[in-house]
Structure formats: C-alpha cells, structure tokens
Amino acid sequence: MPRKVIKEFKVEWFQILDESGNVDRSFWPGSDPITEKEIRAFYEAVVLIRTFDEKALNLQREGRLGTYASVKGQEAVQVGTASALHPSDWVFPAFREPGVSIVRGLPMKMIYQYWSGDERGSAIPEALHDFPIAIPVGTHIPHAVGAAWAAQFKNDPIAVATYFGDGATSKGDFHEGLNFAGVFKLPIVFVCQNNHWAISVPLSRQTASATLAQKAIAYGFEGIQVDGNDLFGVHVTMKRALEKARRGEGPTLIECFTYRLSDHTTADDASRYRSSDEVAAWKSKDPLVRLRTFLEREYRWSEADEAALRKQAQERVAAAVHEFESTPPAEPSAMFDTLFASLPPHLVRQKEILKKRIEQDGSLHVKEKG
Amino acid sequence: MKKEFKFPDVGEGITEGEIVKWLVSEGDFVKEDQPLVEVETDKAVVSLPSPYTGKVVALQGKPGEIIPVGSVLVAIESEEAPAAGNAGSSASERKQPVQEDFPGTRKDAGSVVGSLGEAEEEFRVPASRREVSGKTEIRAIPSVRARAKDLGIDLAEVPGTGPAGRITREDVERMAPQIASPAAPQAAFDKAETVERIPFRGVRRSAAKRVAESSQKVAAVTFIDDADITFLERVRQNKKSVAAEKGFKLTYLPFIIKAVVSGLKRYPYLNATLDEEKEEILLKKFYNIGIAVDTPEGLMVFNVKKADEKSILDLAQEISLLTEKAFARTIDLADLKGGTFTLTNYGVIGGIYGTPIINFPEVGILGLGKIEDKAVVRSGEIVIRKILPLSLTFDHRVIYGAEAARFMNTVIEHLEDPDLMLIEGK
Amino acid sequence: MSKLNLVQAINQALRHEMERNPDLVLLGEDIGRDGGVFRVTEGLIERFGERRVVDTPLSESAIVGAAIGMAAYGLTPVVEIQFMGFVYAAMEQLISHAARLRTRTRGRYTCPLVVRAPYGGGIHAPEHHSESTEAFFVHTPGLKVVVPSTPAEAKGLLLSAIRDPDPVLFLEPAKIYRAIKEEVPEGEYVIPLGQARVVLEGKDVTLITWGAMLHPVLKATNRMAEKGVEAEVIDLRTLSPLDSATLLKSVEKTGRAVIVHEAPRTCGLGAEIAAQICEEALLFLQAPVARVAGFDTPIPLPKMEKYYLPDVDQIVEAIEQVMGF
C-alpha cells in the first residue's frame, strides 16, 4: 500500500456557559466544580475590569491618559485564566491584559501609569511574578519559555502562563518559543486571545489554519479551542492545563475564541475596516451579559446587587485614578538610574547635563522645544 | 474649588473643533465622565466627558464657534468626592442584555498609537541670510590657532611655512617677538646710554617684512659663476659716448639685462611665480627686470617693464631715469611692482659673491659682484681678463639646479659674446 | 600556568565559572554533544550534564529570548550564537528586551545575560560568517560589548562578563581562536569591564584598536619603531562602556591618533572615538585622527577578503601620514 495514515490529530472546542447564560448540564458542575463564591468573585472581577477599562477610555478622551489598548469583550478570558493561577506562577502578558494584571493583584494605578507614559507603571511589585507589558508582538513568548525552563531546572513546582493574540501566532518568536517549549516539555500554558482582529487585519488574513489551537500540534503538544466569552469554560481549561504543566506533562496552547469589541487602541478607528453588524453580533455574546444572566438565574442576582457592585467598582476605579493622578512626576534623571547596575562615567556625565539643564529651566518640566 | 476643563487634544492630533451642541447648562450639576458637549472635528462629532464632578459655573463658546485645542471650555466648581455612580447604566435595560457604551466614532487620527501633531501652517525654509564675505583661507591646526589667539596674533598676518602654506606653530612663535608688547624685558638695556633706539618703520620695515617672508617661504639656493666681460667692456667703452650724448650713462646693466632676458626666454621657470593656493606655477610671458638700488632711505627695487622689447640704449635711459626718481623719492608705485626677475648690483659697492635674497614672489635674483681684472687660464696660458662675478639665487621649489645652471650658462654666454645679442636681439 | 589559545582560554573560563555558579547554564546550537563548532565548549557537557549545557533548536531569537526569561528568573545563562552573522535574528530580543529590561522595570527585573559569538573575518569562511558589526550593539543603550584580543585577556574578561549583572555581548575574534598562544594563569582572575589596556607605551602616536586587529597593530608599531617612531598602543577590551579617560590621556600625550578596526568605516566605533577625541582633546592634536577600517561594503568572500581587512601596511601608512602631517 503506497500510502497510509501515520498520524491523525484533532482539535476540540470547549464551552460550558453559552451566550444565553445556560450551562451545559452534562458537564456542569463537573468533577471539580466552580463554587458560588468563585463565580461571584468572577463577576465582581469582570465588572471591575470593564469599569476600569471604560474609565481608561474616558481618561484618554479627557487628555489625562495617553494611547490605551482596551480589553473590552475579553474580560472572561482574562478573569477565567488568571483566577486559575497560583501566586507563585509567573505570567508574561502582551499588552492587552489589564484584566489579568488586576486579578493577579497589580494595582490599577500602575496600569494607568504605564499608559500615561510613566516607567513606574512597569516596576512590578516584588510579590508579583508578572512581567511588564511587552509591546513588540510575540517577543515575550520566548521569555516565558525561558522562565518555565528555569523553573524546571530549579525544580520549582510552578507553571508559567503567557498571553498573546491571534496576530502573534504569525510571528517567528511564537513558533520558536512553542517549539522550544515542546522540545523541552516545559511547564507553560500558552493562552492565545483570539479576538479576531490584529488592528485592521482579520483572522482570515492572519492565517490559513482552520484554528489557531492546531498550531500546537506542529510543536508536539495539545491545542484546544475554548469559547473565550465563556468564563467557566476558560477557567476549567486553564486549570487543567496548569495542572498538566505542574505534573511535568508539558505545555498546552489554549485558543480563547473571543472578540475585540473596541478599537485596537484609542488612536485607532475600527469603523474604517469592520462592519457594525459584526460588532453587534459579538456584542450579543458579551461575556458580562451571559455571566450576569447565569447569576440572576442561579443565585437570584438582583438589581440592587448589580447597582451595589457597579458602585463599588466605580469607587475602586476612582480611587485608583486619584492615586494615579496624585503621584508626583518622577525625576527626569531617573531615565539613567536603572540603565545598568552601576552607571559608567559617560552616563554619569550625561545625567549631570540633564540635571543642570533642568535646574536652569527652574522646574522639572522641560520647556517645549521649538 | 473651581476647575477648568480645557478642550483636549483627544489623542488625534487635532488643533481645533467646532462646538455643535452643549449637553449641559450653566448651573447644572455634572458627574465625572458625564458628556458635556459635542464638538465636531473634521468629519466626526465627538462627545467630550467631564473630568470633574461638580457644578457647571461657566460655559465658554457658543454652538457654531470654533475653539482651539487648549482653550477653556467649561469651568466647574468641583467637589473632591469621587463620582458616586454612573447615571445611565443599569437601571433601564432590565430585560435586554446589558448595553455598554462604546467609544464614539471619531475622525481618522492618522495613527494607531500616540498622537501626531497636525500642521498649523505651511512649512517654509527661512529666508537665507546675506552672504558674509569670507576671509581668505587660513590654514592652521587648532592648537596653533589657540596659540596665536593667546599671543594676540592675527593669523592673517602670519606667513605659513608648512605644507600648502599652512601656518605652523613656529611661524606663530616667530611673529611673536615682532609684535612684542612694550612690556618686553628691558633689564639688560636699562642703562640706556649704550643703546640708540631707531623706530622700525617705513622702508626699513617693509623691506624687512619682504625679506623675512622670502626667507621663510622660498627654498633658496645660490649658485655662483663668473662671466668674462673683457670683450663686452670694449663694446661699452666704444659706445659710451652715444649714451652720453643723449644725456645718460651706459653702464653694464642694460647688457646684463639683455643677457638675462635671453636666459629667461630659454628657461622660463626662472621668470615665474608659485601660486601655492592654487598649486600652480605661473610662467610669465613678460619680462620686467628689477634693479635693486641703494638709496639713502634704504633698499629699493624698481623694475624695467618689457625689457625684452627695449634696446640696450632704451634700457640704459630708463634705468637712469628710474634711478633718479628713486633717489628723489618720486618713483611711481607701478615701477616698484610687477617685476619678474631682479638684479642686485652690490658689486658697485663691494663684494664678489653673495647670497642675495629673492624678491618674493619672484623665483630668481642675480647678484652682480665687483668687476675686477683677474688672472685666468685660457688655452693653457695665464691671461688677465675682466671678470664679473655672478651669484644666482633661485627658488628650488620651482626650479631645478640643472635648469638654473643652464640659465646661468646662457647669461654668461651672452655676456661673453655680445654678438649673440646682436644677431638674436629684437 | 600553561600556554593556551583563545578557544582553550574561553573553555577554561566557562569551566571555572560553571563549577563556581550552579545556576550557570549554557545554551546554543551544537554546544553540547559537538562541543561547539569551534570546540569552545568541548568537554563541558560531559562534566556538567545536559541540563546545564543545552543543545537548543535552531532559533536564535528564541534562544536569546528564553535566556532573557531565564536570567529574569534567576539563572545565569550564557548563550552561544554560532556566528555574529546569525545574531541578527536575535536583535529584537537584545535591543528591545535585554537592553531595556532593567530600566523599563526600574530595576524590578534584570538581565544578567552573556551572549557569546565568534566574530570578524580572516578565516576564509563562507558568506555571513565574518561579520564585524559591533557598532550596532555599542549604539544600543543598556548593552555592554566586550572584545578580547588574546587568550589571557579572554579568560579574565569573560569571567567579568558572566558576573556582570547586565547583558553583555562577548565577541570572540575567530581569526585568533587558534592563532595566538599565551600563558594563561590558572584559577581565578577578572579583568574589569570598561577598562582599556595600554599594551605599549610611546610618545609619538596613539594607536587604538581591539580584538584581532591588535596583532597587525603591534607588527606595525615594530616597523615604525625601526623608523624611530614610538607608538602607544591601546587595546580597548570593552567597546561599551568605552574607557574614554585612558584614550584621551594618551592622545593628550602624543597629539596623534590612529584607530584601527576591521568593521566598516562609516559609523564604525572609530567614528565615535574620533568624535570624542575632537570634543575633548582638540588642542592637543597635531594631525587629524586617522582611521584604518574596512570598506563600506559587506566583507567580501575569501578570495577577496585580504583586500578588505586592514593589514600591517595600511596601518604603517596611516601612522606615517599622521606623523608627517
């Protein structure tokens, strides 16, 4: 027989909570159920993130924040995955994961600081094993792989999670990183937020693959596609992948099928390249909506509960904004201080030049150059 | 506390907008993020939310008015407390999926990150300034320039002896004593009786400058030989009276000039100038022979123009005239300038051979020593001849030794056999 | 003490440091079982095992990127890039991340990474294997660049580089991997980064160079000594941060400088050095600062390579020119 099938692969789709807020009872509650307490906490988190995000957009419109990348529509992916992580796990985000950061415990003010152009927003607190935002697409994936490798080397019982979008799956570092992870069977979970758009490039132009999840197969491990707006499905999938990683069984690629409800960034105008019908269709799959519907049905979530939660979210966000805006500006000479462990002579001199220039200007704010 | 809300650049690089509609009125209480006003920027209408919670105390601008970015739109008497809840959210949409606000459509920002400033006016190159007349190029390395500056020396006054006329440090140092301040140490001469001070001025000074420049720049080589002018002397003696009748003396000079011109025609590099700037040797096709005279005021060099076109008698007359003028100090500047080769007749005073200094920027000078009867050997026998000693200093940068020797031979040839001048001469 | 060549000296340095630091991990293509294409890591996998001497897949970007992650996690990774010409695939990781990690996180995360690569021409290698583009990295704030010129220098410099808490690019001149032997002290010694070495003292002219070019420079100075010219020779050792103080002190003494590098002339490090000399020592100069450098062309293939690389004659000519200015 000239030809025979030597290997077959399959890619599975996973969903627990559908668009109408109904759970698949054949699965739910499952062997490792999500508790009511956890679900309420999930909802609290998604509402907080949505509030944070809307505030960020307003701040930008009011001239109080620079370019910002909104996370609207992707809250379930971020809360669902981040809530499955242990504090000792390491996280390597791309640039559209404020939800992950908030759940992990990064102060909201620091996220505002980052997007206002202040490096102090990336000075991640010691207790948090999260890397700061990575702007060059996909380039952080090898970092995550390296950290996973180091953890394995040191026999630390941790896992590493890294996040990226559909666009990143075209990038060399994605492939190189996944390959590396597969070869060395590293304790890492690759979370792909397939939000269907890379600025103006739709998924259909990004790849000819039927799914993004199947790209893992090429690198020797499992890829699974999950409804990204189904917080339960995401959470369960992530939990399982992390446990697998911790058991030493290697990496997983989770493709979270979701949608970017907002523009790419505040300086983008998505109406230039996509239809309002498409946006409307995905609006109806809004993760917050279905989760709230589930809460109303399962736990009699009320108007009063909703109002109280919203109020609380707004207060927390407002406090973060206040903290952010009352932080005094950093010394400009800080641009030198942490370039190296100890500053070489030419940089000491340059720092002095800057300090002198500022002194002459009489203030910390450099005059507008002509 | 009164706070002002200024029309922000909403990250799109706009510079102005038109107020379309106010969404609040003066006296209204507004919450943070509540839309205040609709502003049209290019194609789209943008709704601007309030950054503050408080009472609207003033609205600036009417619908239809164009407002620049940065101008105050609204003054709000604000409270410090954070906003207590977003009015429009959950109350109404009970049965439908919760609608959330989305960022409004806005015009093409022309960017995906940051904000691009928009052009306010057309870019124009500033009008060019008038050309400042440049100084002639002074070649000197920075440390030499610094030294000159320290000494208060203007580099334009310093002749450069380095490659391509570059001014060296030595050149500068050499100038320094010349421009010495009165504070130069005088200790040794304090007992002034033994010293007479002569002001270094006028002819003496300019002559000094000239010889200094010549010495520094020229690669001077002096070459000596003798001319047997026994026969020429007879010619001169015979014809002296012709000149005397016309009122002037017939000296050797006209003959020597003619002989020299013959030599210069044959060896044009001795009738030249080196243009160091352009790195060119200028071979002159005219023959203005300079004569150095010792006047009471000092050395003066006038030149006889177009010596090749004049007869010996003409030359004798002209020399006579010019010498008179020189002594009377009525000589024209034109007669002092434009020489191409010089003769210096120190022999009338004394001296046999010398090392005359080239009259810069010429490249050759012929010194004429004392004419004397000497014992010489001719065809194996000792005879007495009238000998004119010749000292030719030439600029070896321009002239090869062999060339100079040949030139000298030609001059001597013509002096020793004046008939040549007869048959060749124009 | 024993006489070692550059390969052996570097091997010794790596071995020494791996004994000392259990978190030191080597990564690269063919460095384990094959001992590295130049045998620099020979014997290390046998001694330290494959968890510490890792044969990686063929992915320069991921190798360097993973090393960044490892370094941030707390290991001391030393990456071998097989040839400088292949580091370009990892430029983004080096420039966008390694160089910036400490400063952009205000010190929260740091990157104590070493990337080693054979560099430079003169080994008759095929295309892309003779690159000398150190200027790209010197121009990147946040990176350090070190180039040893002899075996003893290499060992001391590599130990410093590995112990440096910031990312270091350690460029090993392939031309002298085996061509120079030198007494290399056993045991531990470090040569600090950021310090140039005055190899020879002299009063007439300062010769500034690094790496393989030190050797034709020294030959040129011998020739010039016969003509009565005493040259002072400085081996930079660290290209970034530059030891400007040593260079300037020398030029102030001699008043003449000749910089020799095989990298292309335009925007090579010679240009930066000449600019610094101009800024800081102008009044001491007796002649323009001369550069002997490669042409502004990609380094040619072996048949023409000798016309490209600076040689003793070119260096002598340059010295004569500045002396005769």
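Chains: A, B and C, in written order; residue numbering restarts at 1 for each.
The working rule: a contact is a pair of C-beta atoms (placed from the backbone, for glycine too) under 8 Å apart; a residue touches a chain by one contact, two chains touch by 3 or more.
Computed from a predicted structure; not experimentally measured.
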Most heavily contacting chain pair (counted by C-beta pairs in contact): A-C
Per-chain CA centroid nearest to the all-protein CA mean: C
Chain whose Cα centroid lies at the greatest distance from that of chain B: A
Inter-chain centre distance, chain B versus chain C - centres from mean C-alpha coordinates, in Å: 45
Centre-to-centre distance between chain C and chain A (centres being mean Cα positions), rounded to whole Å: 40
Centroid spacing, where centroids are CA-atom means, of chain A and chain B in whole angstrom: 68
Of all residues in chain A, those that touch chain B in their complex: 50, 54-55, 57-58, 60-64, 66-67, 70, 72, 199, 261-269, 271-272, 283-284, 286, 288-289, 292-293, 303, 306-307, 310-311, 314-315, 318-319, 321-322
List of chain B residues in touch with chain C within their complex: 141-143, 146
Sites on chain A touched by chain C in the complex: 90, 92, 119-120, 122-126, 131-132, 134-136, 139-151, 153-154, 172-173, 176-177, 179-180, 183, 334-335, 337-341, 344-347
Touching residues on chain C, where the partner in the complex is chain A: 23, 25, 51, 56-57, 59, 61-75, 77, 89, 92-93, 96-97, 102-110, 141-142, 144, 164-166, 194, 241-242, 244-245
In the complex, chain B residues that touch chain A: 5-6, 8-12, 32-33, 46, 48-51, 82-86, 89-91, 94, 97-98, 100-103, 105-109, 111-115
